[in-house]
């Protein structure tokens, strides 16, 4: 057992932390105020503020760009696309960095390390053809375009991916796509240019070989964003969650990823590290919330005492500290497992963090909101937004219940 | 022990239920869609749709109007302002009706039974002078104006009301008001014409005699709505929660309620029944959420089974049923105590429901959201809004922790 | 809603409370010390101390005897067997009395109101023939004999009663009994003279008509107590929980209760009120634990403050108060339902209390133990014993999970 | 991050596991049956069965003896007293071994690695004089005597150690000891020959320099075991928990440990690793309970399905797996911290595990009991005993609440 990060991770982490402190934190409040003004003032909150592009340019210039690039698959992309030191990181090395960026709503995007783009870039890295990588991966790594991921459907319980009704059927040299997706995150971004779409290609194939993933240009005829969905009342601009209809959308068969019927294979490879990244960032979110709770609770007084001295507040602080530290260790453990045996052998570990961490973080943030009183529910603090994110992640990439099902299946299998 | 409602309450309840089914439910979805379109389309979501006014007129015509009027204080207002049968109801009689209206986001306002107006009307009923009642209570009962309640402040921990910094100071025949309030609910309504304001009038008086409540016209010079606050991302139009500054606002001393220094006395009288009403409506909200959970969970399938057959879902349904039924019994018990011994003797019972019910309802709604998957977080179902309301009520009218403090104080006092 | 007890219940309750205070409380500590000395000193802790018989004689003389007798079925037994006023009580009337007796480990037995005898007496009252009542019910009501109930089996999951393997088969004018039971509570009592045994009589009959209940004399040839079982380390003398083998035990067919194949019918009638009684007594147990927690927490100091002022203790006290009051209201509600519509229509209400109350009480007692430090785990306080009882009742008469299953089934049936 | 054990730990762990499987598991059931027969049959359950001594001899012969010996302080004791390889282990190396032994109630004692002897031996190793080590440590390491630890007192809240009332006062060349202790674990063992006693020596010294630890021979005049205390109904033979009076007990001043007034210094050094060992063993206990739950839940059926398929059982299995894995990682993290910076710098980490792990394990065991039905409460399975142990450890070595207090203090200090 050695829970310490590598010296390389420490060095990068220091630089990330310094960049956030110097560049992001000072403007974060202003950023939110401007977006909020656009939102309630009839402006367009979807066009990302120039501020964000400036910060992204600075981050890239500082070599703090695409830090998520996995050591194993980074190839020469790390060098070509500005990543510090020209090398990818292991999941364990990336963990503390992802945590640090997770403290801020803006930082993941500033460092080009935000979902769903990182997951989509990983798919292209691992499974994309040279042509696909050139056309889509490189501009994503460069930060000149964004992407979306279209899997969940409104008409069925998507916790069971085999319920999927949308289709991606071969027709000569083309794939023809039909169906309706929702919670297509990223589709609201004005620079979103590509979607990874998953649909049924062969309903008679074995259960886990029926589906195909296809790269679909955002502007392909027949792709229509029906609406943008609020998540717990928030539209999460500039990314957004879309309900998207696909009507006879036709793309060349060369847009298929990995091969027909291999979507589940990709999903597993994509979702493993993606779930780890989400959980790492959530740990940062919880740390931020706990810090705010401690500060507010120490500064404000009621009944003649600082809030932290009242009722069970101190115990809640202690329990939040334990919850965060255990959650972090569990995420590091899953990252280490992914690094050492890959996604296939890490199923249980990844399901554990996905089933455990968002709920834990939701609780910590809820406590922080409570100690902030009315302020905690407002947008004067990043808490209400943090709560919404943690809550979404109890459903996104598989609801808690599905992951608990995986874990119990593995556990019971030990004794058969 | 007899948990049954009176026959009068049953009769009214049937009529309320029939009205909601016939008039409100059929238009509720459309209502929300129109407000949402205004919100995201740059329109004005604050002007209540004509639809609402039409529903209110129908409700009044049906004698389902101001049902909250308390038997004890209703006087001839019940007869004059359209309330069914011309009599007020006890808290116990009103309980199942409030629960029924709580299932719908619109119903409380349609029946002129919504917070904060009901609480403000009760204050005027119990403590208002004839002149105050004529000027403010009658138009409120008639539904031609709305009101707001200004107590919580952004600069201090308002869970301790004695922290309050805003002032309401005598100056000859006037009261001069200064300070800043937030979470002034109702202030966003275009027909809001009066606020009940609470401020320090005599800082040297005994702790609970320092504060005064004053009726302040919305358009009094010096009253300025600085902004409307989102609560968990929602503005709760058309009522809204305002941050309001008061700068040398001058009103006649006849606007004082009950008398200088008597604000805490009023607060207790206002908040007792108000908390019961809130909790009653929350029970209805939880029932609605559980119904949706059962329906969705029975209709949708995953892994070859209805969702309710998967994992611990059935146990969660059973626990939700127990949670709702115990919460309802606790609320009825507090209502009965209020009816029989009044607010002064019901402190513990009222604190119990306020500390217990919102949290319980939040949990039930959270489960219902989870079983709806992504849909549960969207606004396609009334769940995300319900969650937000329950969460607000863990802070509004005193955070859970303050109420737990009251309960433990009473408990320990038994053994001293 | 009127949660108040009837004046008759209040009067009886006052007398019960006075009797406990005058007669039981003063000797309770000595009683436990003597039993404990027998237990660890190689004596026989199973022979009830003379003290208990003296208390029982006093209780009967005071007319505080067999208070459980249900109004509906009491007939002239109430008058003949010393019950106060010569009348039975409704479940609602009995509730506060059962609660009061539940505060003390001895009181239920002193008043001849202890499980499993009360349940067995109810079965005889409701379903017994005149002959059966004369032979078994009368001495039980007189307190001269005790009884046991043999249903659960070691070899199968007895949460599903249809799993039962023991048999009770007709053979001419006899019934022949074979099988093995455990958790046969009451069998350790030296005056135990009769068991109610449940077994399969017709394996080909419809699922719920296969079983028969039979009265089996304790000393019938072939009845053998294999061992007495500790429950969480305690043998619960003088009642005890036995593992009992039945080998070709032959009793006359007139010992059958109600009729062959009608065991489930009896079980439902027996277990409804029995579960209510258990839960009522548990409420008293929780009240006792909370009182001890408040007293100990106020008297003992650490870090310069009474324990109740430390950490979250006050919040735990408040939550215990809420938990107890909600549990009591739920139990009263089930009692009221039983009184008004009988066991058949009260299935959901009875399952609610059985699934909810023991767990709640276990939590309250656990907190009380914790605030007592090491003392709480010892037998210097009645807490460790109380915990064990509450824990047993999460399994006895159907585990929590089975009751949750009943509740969810009823809930989902509303929407089919 | 690398959660893997060292190869040396793996090798030892394999040997420990093999020894337990070959020697302990086959006799464990018989052992418990014999003790139980002595307990209920009027025999003496305190005289450890010869079986235990035989197992201990075998373990020592196998070099699986005193494995707890810390690398840092083992000196030549490891070589002299049979420890494998002649070297001590780090806390991280010892962790998986302690976990493995924790699965069995007998194993810790068989390997001479049981509390309180390990803690007492560590004190002697770290702070004992050569003479003290020769007289007491060597026979303890040899397994020829046992020891006890006398700190907690019945008369005060011992969660605050400065409450302590017992005294250890200098009188010439002697120390005179007076007072009353309880929960003096180990005192019931017939070979217990020495106690480490803590008492006030200088009430006027600074708060944490008032107390002294002294080695007191069990047979010193004035040492009297008033009684043995049951913990949740169990006496935990052959160790036992004693209430012990000390009346003018006189021992030479050379029996003082480390020096007068330095008891807190020792306590911290003793309790750090001691708490880690306790928690490690508890992890093993939880693994054992989860294994039993999975096996029983797969074998037994109800309502036509294996128990694990019913209700929320699978989710509970999954959550138990997460709870155990997070708890283990947290314990390893504390062990690593102790190894790298020592007890002084590990205060927070050690308090985290002490506040978190026993409660988590208690929950897992409670679930395992529940799925075993009545059997789970009996002594037919090691679950009821395991529950009792976990529950004790929520109080022993500082109640949860005190540790939460330490954690919150450290957390809040970050922001002052």
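We call the chains A, B, C and D, going by the order they appear; numbering starts again at 1 in every chain.
Here is the rule we go by: a residue touches a chain if its C-beta (ideal position, glycine included) is under 8 Å from a C-beta of that chain, and two chains touch if they have at least 3 such contacts.
Composition by chain, UniProt nomenclature: A, B, C, D = Acyl-CoA dehydrogenase.
From a predicted model like this one, the values you see are computed outputs, not experimental measurements.
Engineer: Any chance you could check whether A-B or B-D wins on number of contacting C-beta pairs?
Structural biologist: Counting C-beta pairs in contact for A-B and B-D gives the edge to A-B.
Engineer: Of the other chains, whose C-alpha centre is the longest way from the centre of subunit B?
Structural biologist: D
Engineer: Round to the nearest whole Å and give the separation of the Cα centres of subunit A and subunit B.
Structural biologist: 37
Engineer: Centre to centre, by mean C-alpha position, how many angstrom separate subunit B and subunit D?
Structural biologist: Here subunit B and subunit D have centroids separated by 54 Å.
Engineer: I need the residues of subunit A touching at least two other chains; which ones are they?
Structural biologist: Within subunit A, the residues that touch at least two other chains are 311-312, 314-315, 401, 404-405.
Engineer: Mapping chain-to-chain touches, which pattern fits: line, ring, star, complete or other?
Structural biologist: Contact pattern: complete, every chain touching every other.
Engineer: Provide the residue numbers of subunit A that touch subunit D in the complex, in ascending order.
Structural biologist: 1-5, 92, 95, 290-291, 294-295, 298, 308, 314-315, 317-319, 321-322, 325-327, 329-330, 332-333, 335-336, 348, 352, 355-356, 401, 403-409, 411-412, 414-416
Engineer: State the interface residues of subunit A toward subunit B in the complex, per the touch definition above.
Structural biologist: 40, 42, 152, 154, 156-160, 163, 182-183, 228-235, 300-303, 307, 310-313, 369-370, 373-379, 384-385, 387-388, 391-392, 394-396, 399-401, 404-405
Engineer: Could you please specify the touching residues of subunit D with respect to subunit B in the complex?
Structural biologist: Going through subunit D, the ones touching subunit B are 311-312, 314-316.
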